[in-house]
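Scroll down for the structure; my scribbles are underneath it.
Order as written gives the chain letters A, B, C, D, E and F; numbering starts at 1 within each chain.
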Amino acid sequence: MPSASPVSYFPTADEVEIFSAAAQQKLAVMLKGPTGCGKTRFVEYMAQQLGRPLITIPCHEDLTAADLVGRYLLKGGETVWEDGPMTRAVKLGAICYLDEVVEARSDTIVVIHPLTDHRRELHIDRLNQTLNVPDDFMVVVSYNPGYQSVLKDLKESTRQRMVGIDFDYPGADVETNILVCETGLNESVCLDLVKLAGAIRRLDSSGLSEAASTRTIVATARLINGGVSPRRAAIACIASALSDDLEIIAGLSEMIDNYLPESLR
Amino acid sequence: MPSASPVSYFPTADEVEIFSAAAQQKLAVMLKGPTGCGKTRFVEYMAQQLGRPLITIPCHEDLTAADLVGRYLLKGGETVWEDGPMTRAVKLGAICYLDEVVEARSDTIVVIHPLTDHRRELHIDRLNQTLNVPDDFMVVVSYNPGYQSVLKDLKESTRQRMVGIDFDYPGADVETNILVCETGLNESVCLDLVKLAGAIRRLDSSGLSEAASTRTIVATARLINGGVSPRRAAIACIASALSDDLEIIAGLSEMIDNYLPESLR
Amino acid sequence: MPSASPVSYFPTADEVEIFSAAAQQKLAVMLKGPTGCGKTRFVEYMAQQLGRPLITIPCHEDLTAADLVGRYLLKGGETVWEDGPMTRAVKLGAICYLDEVVEARSDTIVVIHPLTDHRRELHIDRLNQTLNVPDDFMVVVSYNPGYQSVLKDLKESTRQRMVGIDFDYPGADVETNILVCETGLNESVCLDLVKLAGAIRRLDSSGLSEAASTRTIVATARLINGGVSPRRAAIACIASALSDDLEIIAGLSEMIDNYLPESLR
Amino acid sequence: MPSASPVSYFPTADEVEIFSAAAQQKLAVMLKGPTGCGKTRFVEYMAQQLGRPLITIPCHEDLTAADLVGRYLLKGGETVWEDGPMTRAVKLGAICYLDEVVEARSDTIVVIHPLTDHRRELHIDRLNQTLNVPDDFMVVVSYNPGYQSVLKDLKESTRQRMVGIDFDYPGADVETNILVCETGLNESVCLDLVKLAGAIRRLDSSGLSEAASTRTIVATARLINGGVSPRRAAIACIASALSDDLEIIAGLSEMIDNYLPESLR
Amino acid sequence: MPSASPVSYFPTADEVEIFSAAAQQKLAVMLKGPTGCGKTRFVEYMAQQLGRPLITIPCHEDLTAADLVGRYLLKGGETVWEDGPMTRAVKLGAICYLDEVVEARSDTIVVIHPLTDHRRELHIDRLNQTLNVPDDFMVVVSYNPGYQSVLKDLKESTRQRMVGIDFDYPGADVETNILVCETGLNESVCLDLVKLAGAIRRLDSSGLSEAASTRTIVATARLINGGVSPRRAAIACIASALSDDLEIIAGLSEMIDNYLPESLR
Amino acid sequence: MPSASPVSYFPTADEVEIFSAAAQQKLAVMLKGPTGCGKTRFVEYMAQQLGRPLITIPCHEDLTAADLVGRYLLKGGETVWEDGPMTRAVKLGAICYLDEVVEARSDTIVVIHPLTDHRRELHIDRLNQTLNVPDDFMVVVSYNPGYQSVLKDLKESTRQRMVGIDFDYPGADVETNILVCETGLNESVCLDLVKLAGAIRRLDSSGLSEAASTRTIVATARLINGGVSPRRAAIACIASALSDDLEIIAGLSEMIDNYLPESLR
């Protein structure tokens, strides 16, 4: 883990307290919220706060139980066992973070069941070996409830062993703060960008599958820093990023004209 | 199996007697009931009571007969046979527990047929070898009838060789007892939590795919132990765990306000 | 094959004569009938009567022709040929029993075609070798016509090379006899159980996918032997085994109350 | 090929002449007709008549081009090339018979295209080697047009390089002749069986997916030889073989009673 | 490539000129037209005319990019790289002919993109090596637009880098010429066959998925050469080859009676 | 990378400025636009302008995370790690170009997430190793919004980390310029071709899935250079390339007659 520099994070509610209590009580945590609102950064922040290693597993449809737990590899004519990231996390007493957990097949995710109930153990079937789970080991999962379909849903038996924390976009003050800190852009344009994002998020029937995240306005601010005019930067990083539909892009561009100055000064 | 400490279990009906009789008569057992009502813990308890080893196999769609029975592995340039958990259970005279059995494909599950009828034998085709099944070997399967779809159902030829035991949430007294013993939280809040769970379970058309299990209120109690207020803990461990729908979460939060005190004392 | 003890079997019609004639005439046999009515036991009995070895192959969707005929395995750096169960059966002059044959893909089952027509030969393509099939080799398949869907059906070219024998539940006298012999339970309760099963089988629109088999009442009798009351045993082994639907279970429980005594004596 | 004894075959039309002309002209042949009407036996007969080896490939969904042409195998640490049956047939100048060709995926079958047009060559891609096809090599395919679905159909580019020969059940005289020769049963019962089969074939809306083939009445005759009464034998080999539907079986049994004597004499 | 004898080809339009210009200009070519109208032979002819090697790849659903470009093989315990046919064609400066290209998955076909645009290079990812494509290398694809479904279609980005040449059945004169040259049958019967094929091609709603190709009448002529009467030969090679539907075959047979003499002289 | 000769590119809007700013600000770029409008050439041009290596990955449905990141290979009995193109791009500080990114499964594409947000790191799970991403590394993706279906769409969490640049066909002046430079054809015919393409692009309901790209008129011009008449060249490279529908081809041919001269001079 080379990223030893401290992660900055601006809390938006009591998420730090709930997470800390869950960590202390050895409960698993489930982070829910839209794209780009800071869930991944929050986990990185909490891992640093708690002084625990963080192992991130991006979930996808082909993730198997063996990918998580480990497998035999051929090395020098011998089969050698190689721990998967979940087993490494157990041995390290790390926070094991399953990013976008609903992308994984629910029968892969059941691997975490005996780790997260009264059993607190990891049985590695291929080794016929059972590891006791140290107190510092913790499972955190995240997903975007807006994506969730009937086909891709966590099983009740998985959900009901989790502490849920609901995320939303940060308030205007916090979000402006994030923009200024992350990009160094002047506060007035940052505030304009936050107002623009807020307006887009309030649209009732925008045709967008998701609203403008904090990440999109950070990108806009950085493109402005790169010498692009605010309006053009917002079209590239917000309108064109959010949609391929020419009418929707035109509507968003009109909003951009209303909220942003033509040039930086 | 490092978990040698005695498992506590509070019976809710005659499940201990039926299981014991089935074990004595060498009959397989099928545990049915909702998520988090204690089926897994019951099997652990019975294994300890009967003094038999327990081998748990979490079932999933990719589980193959070879996963259960065994396979050849390459080790040091040689192919070496490795017993699967089912074969190990037969050799040990263990209880072989197929957790969430309906997740497995029914053609994998037929492996248990000759083990559980008059034949009492395990034929390992790849070794061309037949093991006699010792008297202590027992098959136990569990599933949640609420999940079952037409696509995922046990075959009649599997069902009809099983003794069925139906589980439900424990009564209020037993459930309060469980909460106090498991978490050490004061009895009055435990009773409030049990009443809350009972009210959620009685909801007619809640929009929930499953009601609040004993496991969710144990988690709530532990989060309260971690310093979180009862209402906030219940929102995280019950409302947010059970649903992603904002209206449903709001409805559950209202119930939580009615049943739980604002703070612990 | 360690199970050398004689298999008991109570014929219900002329199945023994038809099977014997088919065996003498080198014709394949197709056993049709509901779950748990004794098809597997009948094949074991006939194998003993005819003094031929029995090789049972439980069919499933992933069974391939190579699983039946054989394959090359890596052993000690060499690829070594390993006969499949069908090839072993041919070499032994055994009865090769394909249990639940409709579960297998029909293109796997075509392997038996040249073995069961005038050719009487097994061509092992990978070895480029043709075995003559000895007179004692016989193919027997079984399935439950109640399961059969359009997707899972034997091909006409397979069916039309078979002698069909239709099985049903045994008559009351024979079934009572089976119960007494198998379980040692007193004859009066056995008769009650047989009457109960008969009543369930006569139900017109029970909502059950299949009726109570002989196997379920044998299990009930054994659970009674284990000390459970007749009614409770029948609920576990019949009502709960046959259905997950609470109303259906209640209906069956009412029938159980009418047919069985509250306690054994 | 151990089956050197002469194959008996009773022609029903000009199939022998058409096949011989196609063989002389190096054209591929496509045999079409219902189950059990003698297509496979006809190919065996023609191979003997023409003095060419016969290599039969039962087609199925998983048949790959490599299965036909050949593949590399690991033997003694070396990869060794192994010819598939199609390549062996080319090298031998054999008749290559693709039985039930519509079962194979049409993209596997395209392997025969360069072998059966003006090119007359087999390119083995993995060996980067091209074999000239000898004059005696011939491709014969067979299928049952009654089975054919939209999903399983030969490609036009495959069909249009074939000489089609349509088969049907033999006439009553020929079929009686076949029965007497194959089974030795007395001619009068053979004639009754042929009349019965004819009646079933003439049924308009029988609910059967296919009518009684010559093979089913040969089986009936053999079961009679084994000591079973004609009516009982016909129920087993015709009624029960053709259908699982109890009403259809009852209807067929009634026909059997009308056409066959109660006992052999 | 053993087929060094000159390929005969009768042009039907300006296909030779367009192909030659595309070859000179290093453009890829796409041949479109019905089954059996001579596309494959045309490519063979052009390869000979241009003096370039021809490598034919029959496309199918399972063709992967690795099949085209190459892969590592185990040989003598070493992994050895083996060029695929596309890579061989690039190295040889050959015409690479993808026969029935729509059968391949469009994501396999994208391999040809960098070979056929301004880049003219083949990047072999597994070797991390880039080959410059020689001027003589040329990609030719063919397909039958009549087959094409929405599911099996070339991507626009593939189509728009091709020169399209549309094929149809040859005119009566050319087709008669082909027949006489290919089969040596007397011209009068050849003309009758060409008229018959023309009549079938003009049928409005024939129920046929494709009309009689030149290939089917060449086969008919050859069967006549083998001693079969013209009418019987045409039924086998045209009517029975084109359809399995008895009514359609009867209709075609009637047409055959009108167009062909009963016997050869 | 042997293609060291300078790539010519004619900008159509401010795409060079936006791309340069994104590169400077270490933001990922998403190029959107129709087939053959120059997206791939633009990336090649920008890579040369910025003096960075370019690694192109054509995306397809079977692309896995291991294909991008790397895998263990067997070499000489040892398993040796081999970097995938993404890892090579990170180590080189290259532009990593995912061509037709919507063809890849979105769960493969998530591999780029930690490379393109504040983390700027590539975790290679199989090596348990984390690479810091150098400042020059940049991710560029491209796709055609016209192809995009609900099934094949970028995830919001991927989109919202990208700077979008929308491409369209170049204006008439630029496109004529491209034609003259690329093909050397005389300007007047080039202008006619550009007008023809423009007219096709303006068609309202053409039945075409995509309009004539710059690439198709470049191909036409080259075929004209090869000696084919302008009209015939345009039919082959535009009408026949764009459609298989005879009526549409006829309509396009009529347009071609109106816009192009019959012969070159």
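What we mean here is this: a residue touches a chain if its C-beta (ideal position, glycine included) is under 8 Å from a C-beta of that chain, and two chains touch if they have at least 3 such contacts.
Just so it is clear, the model here is predicted, and its values are computed rather than measured.
Touching chain A and chain F together: no chain. Here the chain-to-chain distance from chain A to chain D, counted in touching steps, is 3.
Steps from chain B to chain D, taking the shortest chain of touch contacts, total 2.
Interface residue usage between chain C and chain D, two copies of one sequence, is largely distinct: under half of the residue numbers at the contact are used by both copies.
Distance between chain centres (mean CA atoms), chain C to chain F: 61 Å.
Computed centre separation for the pair chain B/chain C is 30 angstrom, with centres defined by C-alpha atoms.
Taking the mean of the C-alpha atoms as each chain's centre, chain A and chain E sit 53 Å apart. Listed for chain A are residues 74, 77, each touching two or more other chains.
Taken pairwise by the contact criterion, the protein chains form one closed cycle in which every chain touches exactly two others.
Contact residues on chain D toward chain E in their complex (touch as defined above): 14, 17-18, 20-22, 24-25, 27, 30, 32, 64-65, 72, 74, 77-79, 105, 107-108, 110-111, 113-114, 117-119, 121, 123, 125-126, 128, 130, 132, 145, 148, 155-157, 159-166.
The part of chain E that touches chain D in the complex is made up of residues 1-3, 35-36, 40-41, 56, 58-62, 73-77, 82, 85, 88, 100, 103, 144, 147, 182, 209-210, 212-213, 215-216, 219, 222-223, 225-228, 232, 236-237, 239-242, 244, 249.
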